[in-house]
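Look for subunit A in each of the two complexes below; its partner is subunit B in the first and subunit C in the second.
Then we have the complex of A and B:
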């Protein structure tokens, strides 16, 4: 049981970080990015290709993070521009449809061009005992990186003026504009940040299991489920939901088999939407 | 007092637009007969080839899916991202009942259609009860789609898992011949068109239009928005279930991808967006176009997906009303006619009629 819970936390931290990237764009700009998983895949493929070309691991990882950020910027500068002209539900709907189109383009191209390519950043060395459970080194490194990133995000949002500016836009866009914050700039910044987060999740995930060109859809789906359970636009909620769903998923997979565990995960998300549409930590409007 | 006001607003909203569509039954039947006659000729052209007839039957199945989705999304504005899953409930349900439980084919089709109808109605009822918006309805139905897919893979002793199942029932009947399945599916398409056409003329159609144009106004005008949403979902889901189960028997082999999200839902969305959301004949035009395009692009494999992605972006960015209605209004504009309010109505036929009646009034 302890092993399951630890595995669940490892998975849950990644779920949480994954959802954080998606939920921030929604909270800030009312944009639901269905091409989110594809950003992760693009960065994983960048790293894999760079390493094939003989680039050492660390610079290759840097390139991967850069690719994720740049793709986020590209989305902001191109297909999201018409989306920003709309408001409310129409904006979410158009962003959802357009990014679905983007995800098809990316998936189709990558599957055609690099059909069998996958990235796994294997970390050697023996298992390390945590609370009496032997854990793989890859899982631990991945979790450490994820935890540091989450802590960094907390510090960024609580203690830097830029982070506070972003939070102020999420809370009250008109008010933020009155005190001289440009919501559009903040949104662009968040799209780049969410691209980097997607890239980071892809890279840490590849330390545990390979990431290939078809992983995009499942990454998007998990991100979406965790985001919805945590409450759209709620950063802390996303992290909490990620850890809970990670544990649920691993325990259910161990007790009753993996396909039912997916259904349980999906069911949990559906029930959360129906009972608390605003998410776990959401305040009812 | 407010009650009277509501009722008067209701007559205004529902009765007021009635003058625009004095379409008689022949005017409704004409396009359906033309479509039916044109599609009935296809086997004369492709009938020799089993492969092409298979493609044509799949094309007809897609027309059915698009009509069903059009009733739900185009009619009542509920984004159901479980078109494939509802058709799959029909397809897998009916063939499992027929093969494993030994039910007669017709009975199993009816039972599976009923199951799909109930599921669709339930999804809509829950969405309406919890007043989920377009986005959350989309997410809940997407979750249903994914769960259904996981269930199909998990229950592999019934569904055959990834490879799918061969359908034994109906093997030596007309269902597996070359041309008859085509006419069976065509008959279903025409029945769906007729139902959709009649629906649009009935009070349900008026309620659909009212709640789609302005939900709050419709509610204030006395339209029971919740009830009509569920009606729309029930009718659309029944269409999806019937089409999915019939298609499964004619195809003889189904797998989770036959009804998968990427294979059905996204394609249906593109087809409907292309043909025109909410229109009567848009689904036909969209589905036929993309069945042909798909055949042409078949050698490009994964690049087809890229083409679909580009099309989704182009269609929703520049032609949110659909390519055909956009071209139609462009044609009218070039010929110096004005459309009264094209942005308000996604219904090109109604738009044209409004334009026509507006013109008639101004000349009086």
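Then we have the complex of A and C:
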């Protein structure tokens, strides 16, 4: 059981970081990015191709993170432009449809051009005992990177003026504008940041299990479930929901089977919405 | 300092404010009075850039700012405190004040002026805005605007939702700011409060400016006396 919980926390931290990227864009701009998982895949493929071309692993990882950020920026500068002209529900719906279209195009292209390509950043060395459970080094390194990133995000949002400015837009967009903060610039910044986060999750995930060209959809679905459970637009909620659902997922997979675990995750999301429509830490509008 | 000419504005093609013209000079306190629904809030939301005008021209310190978005107008030194306050509910008092100076570094001298003016805010620096009372929120909204060292402070109905005593002390704080040379434009339904505070004023009725003059002239006007001062 301890092993399951530790594995669940490893998965959950990644779930949380993944959902954080999605939830921030929604909170800031009312945009749901269904091409989110594809950003992760593009980043993983960039690293895999760079390494094939002889680039050493660390610079390749740097290129992968850059690719994630650039793809986020590209979305902001292109297909999200008509989305920004709409408001409220229409904005959410159009963003959902357009980014879904992007995800099909990216999936189609990658599967045609690089079929069977996958990224594994295997970290060698023996297992390390944590609470009497042997944990693979890859899992520990991935969790350490994820934790450091989460801590960095907390410091950024709490203690820097740019971070506070971003939060202020989530809290009250008109209020932010009245003190000279441009919501469009903040949203662009968050799209870049969320691209980098998606990339980071893909790269740390590949230390545990291979990420291939078909992984995009499942990454988006996991991010979406965690985001909904945590409360749309709630950063801390996303992290909390990520860890809870990570543990639920691993335990369910072990006790019942991995196919059932996705259904259980969806069930957990449905129950959360029934009991707390705004999510675990959501605030009623 | 602020010059408004032929300004019309409204929602979906229906103008609420018609052909409005007025000006505010450096160091003045100017009030725009009128009953509920006269168009005061629409006028202010248009001036501060939250809402585009349908026609007319607005200049601030010689620059044409007509139709410029709110975030750019705010950076020019014209700060608007809305009756809706638009605070950030889950952020602390301290965070609001720091953000008020964004994108510049908060000036410690300005911070101490604001905290001296509103000692309540100093006591509650770690409290979240969403959990504060109406009066405290109003202080915070004004304090946040002051942190940017604005040249013109625009206040939409600062007495909204405040008990009479609190409304009075809100205006006392504004008096202190005026003595320090701040230029203020204020709308108010509670006309006696604004009269005691302002140098000049305009009367807005059904979206038109009907009357203008010094506070004394307006206070002596029979129409103003019966409509806004409750004198028959």
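Please note the rule applied: the second predicted complex is superposed on the first by the 284 of 285 C-alpha atoms of A that agree within 3 Å, B and C clash if a C-alpha of one lies under 4 Å from a C-alpha of the other, contacts with A are read in each partner's own complex, and residues count from 1 in each chain.
Just so we're on the same page, a contact is a pair of C-beta atoms (placed from the backbone, for glycine too) under 8 Å apart; a residue touches a chain by one contact, two chains touch by 3 or more.
Given the structure is predicted, the values throughout are model-derived calculations rather than measurements.
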| item | value |
| --- | --- |
| Which partner, subunit B or subunit C, touches more subunit A residues | B |
| First, second, both or neither for A:180, with subunit B first and subunit C second | second |
| Which superposed partner A:94 touches (first subunit B, second subunit C, both, neither) | first |
| Partner chain in contact with A:142 - subunit B first, subunit C second, else both or neither | neither |
| Which of subunit B and subunit C A:108 touches, first, second, both or neither | first |
| Touching partner for A:80 - first (subunit B), second (subunit C), both, neither | neither |
| Contacts of A:165 with subunit B and subunit C, given as first, second, both or neither | second |
| List of subunit B residues in touch with subunit A within their complex | 79, 126, 130, 132-136, 138-140, 142-144, 146-147, 150-151, 153-154, 262, 266, 269, 301-313, 316-317 |
| Subunit A residues touching subunit C - in the complex, by the definition given at the top | 161, 164-165, 167-168, 171-172, 174-183, 283 |
| Residue numbers on subunit C that touch subunit A, as the complex places them | 48-50, 69-72, 74-75, 79-80, 82, 84-91, 95, 98-100, 102-103, 105, 144-145, 148 |
| In the complex, subunit A residues that touch subunit B | 32, 79, 82, 89, 92-94, 96-98, 100-109, 111-112, 115, 217, 221, 224-225, 228, 257, 259-260, 262-263, 266-267, 269-270, 273-274, 277 |
